[in-house]
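In the two assemblies presented below, chain A is common to both, partnered first by chain B and then by chain C.
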Partner chain A sequence: MADLRNAVLVGSNRVPFGKVGGAYAAATNLDLLTAALDGLVARFGLAGERVGEVAAGAVLKHSRDFNLTREAVLSSALSAATPAYDVQQACATSLTAAVQLSNRIRVGQLDVAIAGGVDSASDSPIAVNDGLRRKLLRLNAAKTPLDKLKTLATVRPADLAPEVPRAAEPRTGLNMGQHQAITTAHWGITRQAQDELAAASHHNLAKAWDAGFFDDLVTPYLGLTRDQALRADTSVERLAKLRPVFGDGPDATMTAGNSTPLSDGAAAVLLAEEGWARARNLPVLARIVDAETAAVDYLTGTEGLLMAPAHATARLLGRTGLSLQDFDFYEIHEAFASTVLCTLAAWESDEYCRDTLGLDGALGSIDRAKLNVNGSSLAAGHPFAATGARILGSLGKMLADKGRGSRGLISVCAAGGQGVVAIVEAI
Partner chain B sequence: MADVVVFDAMPSSAVLYARALVPRSRPAVAAGLPERTVTLLHYRSTAAELARYDAVCGFGLTDALPASWLHVLTFPLQLTLMTAPDFPLAPTGMVHVSNTMVQHRPTLITEAPELSVRAERLRPHRRGVLVDLVGEARLGGEPVWEGRSTYLSRAATLPGEAEAEASEPDADAELRTAGLWRLPADLGRRYAAVSGDVNPIHLNPLAAKAFGFPRTIVHGMWSHARVLAALQPRLPEAYEVAAQFTKPVLLPSTLRYAVAATGSGFAARLTDRSGEKVHLRLGLTVR
Partner chain C sequence: MNLDGIISGVLNSGPGKAVAAALGFPEATPLRRGEAMPANPLVVSAVGGASTLVADALRTLDLDAEAAVVDVPEARSTDENGRERPPAYPGRIGAIVVDATAAARVDDLEQVRAVLRPAVRAVEPSGRVIIVAGDPATASDVEGAAVRQALDGIMRSVGKELRGGATSNLVQVADGSTADELAQVLRFLLSGRSAYVDGQPLVLADGATGPRPEPRIVVVTGAARGIGAAIARRFAADGATVVALDVPIAGEALAGVANEIRGTALQLDITVPDAGDRIAQHVVERYGPDARIGAIVHCAGILRDKMLANLDEKRWGAVLQVNLAAQLRINDVLLRPGRPGGLADGSRIIGVASTSGWAGNKGQTNYAASKAGVMGMVRALSAQLADRGIVVNGVAPGFIETDMTASIPVIDREIFRRSSSLLQGGRPADVAETIVFLADPGTPLNGQVLRVCGQLIVGR
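The block that comes next holds the complex of A and B.
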């Protein structure tokens, strides 16, 4: 392993994230991803350049988007000789893409690469239901007009009901919020704690925008200059007034205020071999030290749907010899405020770390002042596949500002009971 | 005496076309064009209308407005001029024969340019009379876009010698096929809906027949825009593009798109499927 090269994060770009039906209501995944790529290209002078590889993806995808990333490259100012492919790992899509490309750079297969993600909840695909789909396929195969007519005659009103994508697990039928509500109750996370975390996310993000933190991370698009879901003036008191939307009975704690809003947006990060970046006088912010992906069995009630990052963190720390407290920043994706709080509670639990994660004892608590210091998904919004690249881009800048050797931990939960964690270190 | 018509909101093309359909007498062509500029003080495009236009023409939705969209924005001003009682040519049945646009710099969707149009260069043609409608978009007093639409009125005549036909911009370029585009029968109606150009020859087969076309024809500016859309990722910040609409495109049809990079920009051509009948020639030069 001695001759592995150094892969570095050069920088990132995203569009301000929009609310569903908001500023980007008319934009497609292709438009949004192209906008994120073109902003990155402009920021780092890559117009007309052949980049080694672009890997990006979307979670909500039209069938016409089968080659989405390559199409976005062709729409962008990058050289048309830039290869690209689509990846998809739910909300971890662009973080996974960045990890894979970083590794490709380290082994010498690429010098420069772009990882990204996009999602549009406004322009989500609606499919015909399975009954109609099968009949339409039969119709297409029918040879004679009479056969076609016979097939058409079998279409029933029920066949015309469209299939709208839902954030539901295919195997359980529970949507993500309903799953998380079970985990929230299991860990006894209070409404108050969730609302406090949500308010902090909005206040931190607003402060970061006001301080100009996003000036070299975000390019406005279609007139939107800030994240549309951001409510700088929200408060714990205001959030406390909202009605619970996930969970049952008087103990339900999860509201629209402490759950991420449906969003539209795209983000991309630029990765390069360190020498390649330095030769071009490009910034060298940080590197992905190591990453781990975990998956849990959420089907039998033994583990929560969004708890995989707790498992991945235990394995990653074990492999690198670091402790949970060895970080300057923690970026835990706020799918729901309670997802973050359940993860923290799990790390703090001797019993859980011993019995479930197979450790000697608890990983311990973290300094909450180092958590999501520039806001996260509750305030910024969460265009599923874009979130990993948003977090990596922001964290890279925070680490570079903090100084050489400073370290951050990223944790992103994903549908299907999966989770990706990564250690990032300033160079 | 030069006069100026100033709007602070976009006039309706549909209303103007309705006005144009009322038969009435016009001044003699030989009397020349009214000296008039029609100005819209500012117009900010919405993402929704731009997205609909982009989807029909094949553009991606970017912050930079397509040059051809600025033409669309000046079109109601053209109609205002051409439907005025003192305009010497009947606007219905006029044919768009060529279009030149200069983009000095991209206009962004967040900007609200001042748009103006005037008519000039009334001149004889071997099949009638030509007139240029010249548009301009300005931001902060600086021109950012200029457009020149040349229309042929076959119903009028003007004494004098017809000017030589424009040379073929792609005469020397080796063009390669880069697309086979299927144009649906309702494309004229779809483009009309997003551009406001509701000239009946694009909408209704009977109306098209009345003006001598066997079926509806697609708008020349759709074909022009479609080629610009195909070039969109490679368009420079500042350029000049000239298109000649050599033969109308009947709907539905399949067009062959051929293109080449030239030393100074691009040359492109739209033909029928076989490549024999040329519908549009386009030359684009970096400025």
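The block that comes next holds the complex of A and C.
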């Protein structure tokens, strides 16, 4: 490890996140990702420059988006000689992209790179169902006009029902909220605690916007200048009035207010080798120290769908020799308020840490004043693939402001029972 | 089409043009813009003695000049109706430059009349009348001062008489002005870059020129659109490295401008207390710890028009903060000697004022206050910074066609356009040209506010 170089975060950019059907209703993944890249390019004067590599992706993807990131590079102000590839690891997409690229930087394969993610719930792909798809493929293969007509004649009204993408797990048929409701009940997370976390997210994000925190993190797009889901005036009382939407019966606790809204948006981070950045007088906000990905078996019900970050964190702390309390900031993605609270509860549980994570005892509790201090996904919105880059960009700025040696932990859960965590440190 | 479009359309096309003419709206001529010099010959005349300053300056520019035709009685002819005719040029002339630096007696002014009379009849569309004279403030006697000031009156009246987009300007040289310095000014005035500068005295200052820094970092506020975007583009075309600055909510357009000109975007509300520090920090974090700003253009400005009877403290304060107070604070920070990312010694500050700052305007007490304030800042700061070689000037745009002026009611807008001697609104690029001229280390002006208004009624 001693020979490895430092991969650092130079800066970031994102568009304000929109609500589904909102400001970006007519924008495509390509439009949004290009906007995020162009804002980043403008902030750091990279117009016409060749960046070593751009890795980004989307979760909801049209078939035409097969080469989305490279197409976005070509649409952007970057040099057309900038290579790019697509990555996809559900909600962890852009964090995974950043980890991959920082590793390439550390071993000397790249000096500068951009990681990002985009998603549009508004412009999501709608596929024809399998019946119609097969008939259309046959139609395409048919040689004579008569054969084509015959094929067309087999199309039935039922074939025309479209397939709309859902946030559902293919293997369980349950959507993410339904899965999380099981985990929430298991950990006994209260409605009150979830609503308090959601209100704090909105209040923290609103305060950050008002203080100009996002002046050099966000570039407006299509007239949207702040995150559209943000409700600065929300309160625990107001959130308490909402009807539960996930879980069953009188004990259901998860509402639209303490779950992330479907969102549109894109984010990108600029990564570089430390010396490269310093030689170009670029900011060096923080070093990407280490990262770990975990996956859990949620199918048998032994672990919750979104609990993988708890596992990844245990392994990452074990490897780096840090304790859970050795951080100045914790950025735990708010897929649902209860996801954060379940993760915290798991870390605090001696029994869970011993029996499930294989540790000697609990990782312990964290200082809640250090958690998501400038808001997170409940307030900002959650365009799936963009969230990791949003978090990394904001955290880097917070760490640089806090000063050398300050340290942050990022935790992002993802569909399929996966989770990515990373340690970032100001230098 | 909205009402504006309909009225403009009627006035500017087809039969409407005839109506407009009948109503006393003369037709506007497309102006010669950019680096283009006049198409026809340049003529030059030295008045009142043997000054060679203008001739030397023109030689520096490699421009051939012909002798002026002079309207003296013996040169006149008589036409078939027995009327006296002044002598005439055989064809069009591109420009006349009158060297009146030696003019000191009232009688000397007759020579100015005698060379201008044939010239104003012959000058081409978008041609130039330029008078070069001494500064009244440094005349050795009262008559000399009077004569030098008289030339200003001549220049302004000629500007109002000229047609076809031709302009009239006065250059007042300083005692130490060199031919090179005058050449820099004459090149600007003769070229299309000064298209919308008309009826304007340019007062040369001693000791205002210096070497051109490399790389030349230029900060432009309000750069997302309109005049600011044009300024940023023009500086980039001039080889400068541009920091394009605007409020965060204008970030999308700002990024577009910055990427187009390969500069950097700085999203910043200039009214925040640490705005100056954040500008300096941006310069250091992009261009290095030794980087200094070569020029800053304070272009960010807003309008909150209301008659004073209806004007509250919010509309008042917003305009004064953005248009005036912010740039005073930013200058203070960037001018701290040795400040990393601050203004270099020998750098240039450009304030953007407005003809409203001179003339006043109904519903614009706040705006006129801020813009007149900018002029006060230019004068005071230029005097204060002379020992560091830092030069401070301003521009006062008149009616410029931008999104901001598009909000003015259509009738008023048409009246503004046609109130100028050039009978038209200016373009953002016209303001940008004058600012780039003022920001050039070779330009010998300091403490001045140049109007870019096509001679719109009033102003110094």
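By our rule, the second predicted complex is superposed on the first by the 427 of 427 C-alpha atoms of A that agree within 3 Å, B and C clash if a C-alpha of one lies under 4 Å from a C-alpha of the other, contacts with A are read in each partner's own complex, and residues count from 1 in each chain.
Keep in mind that, in the parts below, a residue touches a chain if its C-beta (ideal position, glycine included) is under 8 Å from a C-beta of that chain, and two chains touch if they have at least 3 such contacts.
Keep in mind the model is a prediction, meaning the values are calculated, not measured.
Of the two partner chains placed around the shared chain by superposition, chain B and chain C are both touched by A:Ala77.
Judged by the touch definition given at the top, the superposed model places A:Ala335 against neither chain B nor chain C.
When the shared chain is aligned, no partner comes close enough to touch A:Ala346: not chain B, not chain C.
Of the two partner chains, chain B and chain C are each touched by A:Ala35.
In the superposition on chain A, contact of A:Ala27 is made with chain B only, not with chain C. Overlap of the chain B and chain C interfaces on chain A comprises residues 35, 38, 77, 220-222.
The residues of chain C lying in touch with chain A in their complex are 244, 248-252, 254-256, 258-265, 267-269, 272, 284-289, 291. The touching residues of chain A, when paired with chain C in their complex, are 35, 38-39, 41-45, 47-48, 77, 212, 214-216, 218-222, 225, 281-283.
Considering their complex, residues 47-48, 50-52, 60-63, 109-110, 232-233 of chain B touch chain A. Contact residues on chain A toward chain B in their complex (touch as defined above): 23-28, 30-31, 34-35, 38, 74-77, 80, 220-223.
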